[in-house]
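Note that the chains are named A, B, C and D in the order they appear, and that numbering of residues resets to 1 at the start of each chain.
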Amino acid sequence: MAAEAGWRAQVYQVIFEADTPAGKLFDVVLLWSILLSIALVLLDSVAVVHNAFGGWLYGAEWVFTALFTVEYALRLLSAPRPLRYARSFFGVVDLLAIVPTYLSLFIAGSQTLLVVRALRMLRVFRVLKLSRYLREAMVLRQALRASLPKIGVFLYTVLTLVIIFGALMYLIEGPERGFTSIPTSIYWAIVTLTTVGYGDIAPASVPGRLLASLVMIMGYGIIAVPTGIVTVEMSRVRDADSITTRVCGHCMREGHDKDARHCKFCGADLPPRVAATD
Amino acid sequence: MAAEAGWRAQVYQVIFEADTPAGKLFDVVLLWSILLSIALVLLDSVAVVHNAFGGWLYGAEWVFTALFTVEYALRLLSAPRPLRYARSFFGVVDLLAIVPTYLSLFIAGSQTLLVVRALRMLRVFRVLKLSRYLREAMVLRQALRASLPKIGVFLYTVLTLVIIFGALMYLIEGPERGFTSIPTSIYWAIVTLTTVGYGDIAPASVPGRLLASLVMIMGYGIIAVPTGIVTVEMSRVRDADSITTRVCGHCMREGHDKDARHCKFCGADLPPRVAATD
Amino acid sequence: MAAEAGWRAQVYQVIFEADTPAGKLFDVVLLWSILLSIALVLLDSVAVVHNAFGGWLYGAEWVFTALFTVEYALRLLSAPRPLRYARSFFGVVDLLAIVPTYLSLFIAGSQTLLVVRALRMLRVFRVLKLSRYLREAMVLRQALRASLPKIGVFLYTVLTLVIIFGALMYLIEGPERGFTSIPTSIYWAIVTLTTVGYGDIAPASVPGRLLASLVMIMGYGIIAVPTGIVTVEMSRVRDADSITTRVCGHCMREGHDKDARHCKFCGADLPPRVAATD
Amino acid sequence: MAAEAGWRAQVYQVIFEADTPAGKLFDVVLLWSILLSIALVLLDSVAVVHNAFGGWLYGAEWVFTALFTVEYALRLLSAPRPLRYARSFFGVVDLLAIVPTYLSLFIAGSQTLLVVRALRMLRVFRVLKLSRYLREAMVLRQALRASLPKIGVFLYTVLTLVIIFGALMYLIEGPERGFTSIPTSIYWAIVTLTTVGYGDIAPASVPGRLLASLVMIMGYGIIAVPTGIVTVEMSRVRDADSITTRVCGHCMREGHDKDARHCKFCGADLPPRVAATD
């Protein structure tokens, strides 16, 4: 029993951690396998390549799927709480990364879904111990999370706008000029408001172009809103990051930098800074 | 008389407020009705759906219109100041949301205007008591309102630019290459400056492409202006947030900085700042 | 002599200022004349309108030109320093707004240049005494002027990039796929980098699309640079605006708000604020 | 030997520096030669020009190449550490600016690579001693360098997204509607997410347009992320600008705030701050 636990712990260390040489080697091999397997899926979708090397690619797909299946089983077996891993983001992605190949035995063409493996690429931050990148990713995530409610309000308002503009455009231009239905016109409104502008549907009448100009200028202007939201949140995260709450014991004033050891106002010793846990 | 007032007050509570279970239920049912009625209008505009289910959709439209008419009447009856409600933003929208169906008896095709009901979707913020979202919406609105004069100046200048660029392009490319008139060329200038770029009208001559390049780079650059305006205003709103709500006990005025120890208006001692919990 | 000076001063007051009822009336009439004359030029360029009302529009053009010529002469006569007015921005625009009609006697089609009158529309800020808008316009101008050197460096680098990307694309795709020359390819690079994307020229080969993807992502990213520049400059203008340089005579500390009458640190009286002249 | 060193030093002063009249003249002549030689390469790629003046342009190309070769040799000879120059950014660019012409003796068409000379245009900042622009360029570079890790995380996430969206679109629309393979669909996803929107490939089915709408709104929104990153970093660089360069006379460390009176590291008195003149 202790032996088994030891065997499990060793596997856990290799697969889930990256501090030992074996763990690091495993992670690097895994990352390259993921990249290679994604490249194969992409190549297989090109008709010329598929016709020439379809068989080889199909074989390679099964080899990678077998490898990833073994890996998934080992993760399940060695994790202290298998269910918790299975329900985590990467647990679900790891499962989704092998299912499509088995599905392809029953449903033709489902191998394309293997690109979900691309999500496994996000492991790179954890795997390569790029702690600096990790911290940047956390700053980004924190700022984006704080922006979410405001961005939610913004998107809801945008959605209301494109519905109304789409319907107006359907009234003005009508089905004979490409605006075949209100949903199609809403699609046009989104294409225009986001300044993508494919040009597959475009107004041709004078009132239609007037309305389109309004939508474009509005889209050009309101892109400022999400940008402003995210910028302000990022600067908030940064400010919170850079100023300590230490108080000088002598003159009781705050606002000292992280690297300060003496009060900048009266010169007294500052208390040692306690590292923040965030 | 008191009974009638009581009846009115009860209706008011159910329709206009959302604190009681009945009020909450009413609001949720209303929101779903709005969403469903909008979906029907959208679907009815699709030719295939209209041909198959046109009759059913027409009937459903009348049902929803009847419901919304009753609701509008109840709002008018129960509101303490009916005229004030009728003139408010949502009062007007509520009326516009039922008029098109009645109009369709006289003018064919006016049902499309029912999408104005989409504006009623904005009630969601109030209805679901998403106070957190409400506060975010208010911050956004406050920042946008403060940005309006600057954005007005900006839009006016942009309008002047597109008129001049459009006329120049009309001179350079001329009617035979799609720039059929100055208004059309102004439309092209707006499409280009806002980086939408449909491609339905595009310059083909060398001087035309030079001018177009200038317009594009200008549009690419000046998008920075509304973005800068909104970002600065948002950060101002946020800073205003960081101003304390301390009141001077002597002259009763607010607006003191965090580090203030004396009232900046009368010089009296300020009460110590209590850390805010938000 | 004094009478003439008096006559001049009166004309000056009516034409250049807007404080008296007569001056205000003149300005409003002038603005509407400018708007109307621009509208006529735009309409005249539409073939249908030109064919139907060409003669009337030609006549109206001469009426407006006569009016603006008289106005320009009066400005020159009444201005204390006529040369200084003639060389100022609006002086040059006022002249350019009448020249094209006279030119059209010799060169056909030059009337289109009358749209330069659009620049006169910028008078609206001064004319309507929209001091609030004027102040916003000045804040914008100040921030943009401070951004110019950085934006110059940015544009120069972008120019270098589009030349190199354009030449690479010309090598990769070649004349047979629309990239007929390096200048044309540079035009494509500008269309792509600024995210306009007409689609009249688009890569079709695999390496061409790879390079195009690089240009797009680069363009998507570096739009952040002018935005960042302008935002930071605007926030700098705003900060400079909101903090006075008054010093407390008692504790000699700075950083007081505009509306402060007492030092927020020691409570002493602050010296009265002298209104800034900017 | 001393004479040779003196000869070298003189050449060095003329070629590498721009303080003496001779050095300034050399730099101006060099810049114009670079601009002219780039213009010739651009013109030579236009078929009409090539057919008419191909011979002349070929000759001019060799003249410029000869000049730049001599210049490169002199730089190598006069530089105190030739290898260090040869490995520097401008050293490599100077070499690349002459190689293509010699290559064209063996490989036809390689002259197009001469546009790499465009990179030499960046010398303008150094050459014309535009110290103000240099400083702005440094501020930009510093802000961009500080943004790189965050932008790296952002780009990696965007890359993952476009792979997954591209594959989904390939599944939904399929080869018969232009989405011929997953790489092509990824190209479409990049074109859409960056809001370029050529329109050469565009979804036509309802689910395809729904997914496209999602990608567009996402692209419209996440452009806020690089913008926010760069803006915050620029404002950080600017704030750092406002940090004084005072050195503590006791522990010799810098980085003190403007309002600091005591060294924050050792507590000694700081010298009074002298107002900067910028």
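One rule holds in what follows: contacts are C-beta pairs under 8 Å (C-beta built on N, C-alpha and C of every residue); 3 or more make two chains touch, one makes a residue touch a chain.
Here the structure is a predicted model, which is why all the values come from computation and not from measurement.
Undergrad: Looking at chain pairs B-D and A-D, which one is connected by more C-beta pairs in contact?
TA: The comparison resolves to A-D.
Undergrad: If over half the contact pairs have to be identical by residue number, which pair among B-D, A-C or A-B is the repeat of B-C?
TA: Selected pair, repeating B-C: A-B.
Undergrad: Among the chains here, which has the CA centroid at the largest distance from chain A's centroid?
TA: When every chain centre is compared against chain A, the largest gap points to C.
Undergrad: Go ahead and note the Å separation of the Cα centroids belonging to chain A and chain D.
TA: The computed centroid separation for chain A versus chain D comes out at 28 Å.
Undergrad: Per the centroid of Cα atoms for each chain, what is the distance between chain B and chain D, given in Å?
TA: The mean C-alpha positions of chain B and chain D differ by 41 Å.
Undergrad: Of all the residues in chain B, which ones touch at least 2 other chains?
TA: 183, 195-199, 219, 223, 227, 229, 231, 235, 259
Undergrad: How about chain C: which of its residues touch chain A in the complex?
TA: Contact set of chain C toward chain A: 195-199, 227, 231.
Undergrad: Touching chain D in the complex: which residues of chain A?
TA: 38, 41-42, 45-47, 109, 112-113, 115-116, 118-119, 121-122, 124-125, 132-133, 136-137, 139-140, 143-144, 151, 155, 158, 183-184, 187, 190-191, 193-200, 219, 223, 226-227, 229-231, 233-235, 238, 256-257, 259-269
Undergrad: Going by the contact rule set out above, which residues of chain A touch chain B in the complex?
TA: Chain A residues touching chain B: 149-150, 152-154, 156-157, 160, 163-164, 166-167, 170-171, 175, 180-183, 186, 192, 195-199, 202, 206, 209, 212-213, 216-217, 219-221, 223-225, 227-229, 231-232, 235-236, 255.
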